[in-house]
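Here chain A shows up in two complexes: once beside chain B, once beside chain C.
For the complex of A and B:
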């Protein structure tokens, strides 16, 4: 092989290895989230427990924590105690809402009857709200600030530490909670 | 105990591979004969230990031994037995272990099938293949060890990835792909041996071609089965998305296909030796790059396994392979100097050369598109995504050009062609193409690319059928044989040529199916109340209610849809959504009514809480089934072409006749 070709091939291969090496540490399943920093899509949906209509518009002034979940999803059930804890800690500082994703009202009512839910659960019949928010799977928890801007979403079952960090980001140093040691 | 035994078997395989690699390469370099039997024994040992390690893992999975790390990761008592076995390759560590047993099987088959005539190459070849075995055994023993212990053992596990439990195709698609990927180690070893020896004899070339054709066939089937699985499971109505991991399987297929063609030029004209060998090395490198893409966590893909630590080890292996291959080509390449020359632009060898350049061009384009997000992130710190439009824009014209050459190549003779004879030969195929395009236009079909594809498909089919049937016709006339006898005998006289043309026919089917299903698709989506209907194409669909059910590993909800056709046909379709415990999203199972002219594809998007309504995505894909139905044709053709012949080879016997003007009967091997 001619030396010029060898040199060009070697340079191309070295570049390939460097580019591949730079990619380490990424999450291959990360879905780009385009709504970060954007106004939260409005909704007005009835709650599972009382049938009362809840609209995002009326919740302005306080941050909103919006959790999408389903009864068929194991990770959602694993997350449930963390959300109960979070409501106890932050329930006075933020509005908490659940949204039932791709499930029946009957199943959801049965589950919260057994496990309890201290905050309203919304019914999203045609998954329109889930589509508007770009839900890729459950559980997903959205953190919306007092001005109605989506600060972030957490994909997968959230931990107490991660929840507290998200709340600090949404509320600033005002967010306070007693984290487990 | 199970962990210890399994890990011991992996260490045994690692020892055999390391010993065989050292002995093979060492005695090959010093030209001593005693190394070959020991390299063979090492290959047998590697195979035996890999079989043992895999058998122990399957046993651990079936007995739900959650003290084994991999079983705790993918096992579940609720998973049906068949998917419990399949979970062997459903996650990273198990898939590498499975890779090991396939590599062992290939090595055993190669080591035992080679005769003494190749003794001068074999120590190098086996040594190289076993060196690859060292890497994979090291991965299994170190960064991707599936036999780690979990203490205390959990009572149950999460089960394998739900997507892999949703369709029986997942049982066969990954093994087929692995057989394709791993099998490319054998031609790599053969090519390296040729470079290390500095010679590429005819018999060794035949071995190289045959051992490439086997994994090429598996890779082709694996890719098609993967697209079928995506179509049948994912519910988005497509079969190919230019996902990085799909591309990863396509790239080595492209270069291997280029090799299968360039080797004919090498055998016939004694040119393109180094190019042909480089294609083999490139194909192997691309299979390793593809494996890296799936397992390193570097690429965003639905196929990616979880993030793991094996990425750097894999990248180091890629680096070593690149240095090794470039050094080998730079220092030994000149030994494979051409002994002939391509004399005429109007010849089969020129057509194949252009075909090769096209294949390599498409490979480069797809590789660049796949790597581009990484390149921009590395250079500018911005991640961009390269989507379907880029790949379609770049690859589709290349594909159409390849289709054209599939017709022109077989029509041209080796050496140089007489333009007048070529014009005569072109008449009927060109008329078939014009007639096809005319009929398509008459039936209201529009679009440059699809009509061009249909026309070229007719052109290639006419030429291929003539090449297939002409020798049989001569036998009927000259030997007074019956049509079937004449066909079988003419095929068996030149299996490689006949098999190649059969594969070409299969590829024509795929081209037509892709063009028709992507250009003339009908799509709509609708929410139907109970008892309400919708029309799409010739079909009328009525939603008649929801039903639900449960299996040990999932719950599901299906929408019953009564389908009727204008011709009076009726069928109950039941697209469903499956809810797996571990899944964060429902996994759909679309209902597909498949006919030779097209598929009706019904996907359930959502359902009303009270069961009174359901939302559907509906498609009609013309001729899409021909993509998967082409598989038997491809496999049959490849089997015919790869089947060992008692005679030296059809090519050799034909080449003795020299390269004259186009003969009516025999225009050489395909």
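For the complex of A and C:
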């Protein structure tokens, strides 16, 4: 009889250890991202600079790099030079877009007036596109392939190395051979 | 002094634009629909806060997500559709109460099972104690053998 109780208690302890290991093994701040490998949600939004409407549908055939940012976000400002560099390096192989997250048009225009932006910045009213894309904070950079599939997103300020790796992945093995190292 | 420093820091932060400007959220819907929006909002976890729902959080991300709920409610989407929309983007993590399916059942029935187990152990111990004592034949703890000295004192007193 006693060995049955010992066995039951051992099983209960093992289950508890597994549950705790599963819980403590993950970063509590990490928000799961479920749209990897899924079609990118469509959008048609006006740009901050010209007011022209940009739709994802019309960008098919080339990868799209979509960066969510805000003027009130320090890491977004720190990331800005990397995105400028990325546009110079990869601007001919991919479409680059910015999306202003939870900010005023006035703030965003003021910032890009000072810091510059070589690519269109989209106005996302009430950040509804950000929610459609599963954004959990800024900055976040999405890499969408030529067929409109989200290949990955990078959470936080992206580095040159991480950007290059993402571009190689989104362009595919053949096309990425032509990309700058 | 410290309040002066706090006021100064806030002023500098405000002047430098290092803050999330308050965006106008969607206007509340009619009371019955807005109550549904708030009820659904309380079931969804805020991505940028700790343990708060999007209905309770003042974060800009939560406000945007609550606006999405409002938009979907006014478009006539069902509660399940709205929850499924958020789960499709953020996984089951977004649900403050996990769905009672598969491994999640452990969360729902685990505490009840532990309570039942605890009661079973207590009842077993209560029932077992007297019988064990009787089987071993040892004298009851409440009636220890009288000390010789006490017996002498008592007999003296009785005289």
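Going forward, the second predicted complex is superposed on the first by the 144 of 181 C-alpha atoms of A that agree within 3 Å, B and C clash if a C-alpha of one lies under 4 Å from a C-alpha of the other, contacts with A are read in each partner's own complex, and residues count from 1 in each chain.
In this text, a contact is a pair of C-beta atoms (placed from the backbone, for glycine too) under 8 Å apart; a residue touches a chain by one contact, two chains touch by 3 or more.
Quick caveat: nothing in here was measured; it's all calculated off a predicted structure.
Look at A:6: by the touch rule set out above, it reaches chain B but stays clear of chain C.
Touch criterion met: A:139 reaches chain B, while chain C stays clear of it.
For chain A, the partner with contacts to more residues, out of chain B and chain C, is B. In the superposition on chain A, contact of A:156 is made with chain B only, not with chain C.
Within the superposed three-chain model, A:20 lies in touch with chain B and out of touch with chain C [touch as defined at top]. When the two structures are aligned on the shared chain, A:127 is found in touch with chain B and with chain C.
When the two structures are aligned on the shared chain, A:35 is found in touch with chain C, with no touch to chain B. Legend: residue contacts after superposition of the two complexes on their common chain; A:75 is shown touching chain B, with no touch to chain C.
Contacts of A:104 after superposition on the shared chain: both chain B and chain C are touched. Chain A residues in contact with chain B (one complex) as well as with chain C (other complex) are 19, 28, 32, 70, 72, 74, 102, 104, 126-127, 136-137. Residues 1, 3, 6, 9-10, 13, 16-30, 32, 70, 72-75, 102, 104-106, 123, 125-127, 136-139, 156 of chain A are the ones touching chain B in the complex. For chain B in complex with chain A, the residues that touch the partner chain are 158, 274, 292, 296-301, 304, 307, 311-312, 315, 318-319, 322, 326, 329-330, 333-334, 371, 374-375, 377-378, 385, 527, 555, 577, 579-586, 606, 608-609, 615.
Here chain C touches chain A in the complex through residues 17-21, 23, 25-26, 47-48, 50, 60-61, 63-65, 67-68, 71, 87-91, 93, 106, going by the rule given at the top. Listed in rising order, the residues of chain A touching chain C in the complex are 15, 19, 28, 31-35, 70-72, 74, 101-104, 107, 126-128, 130-137.
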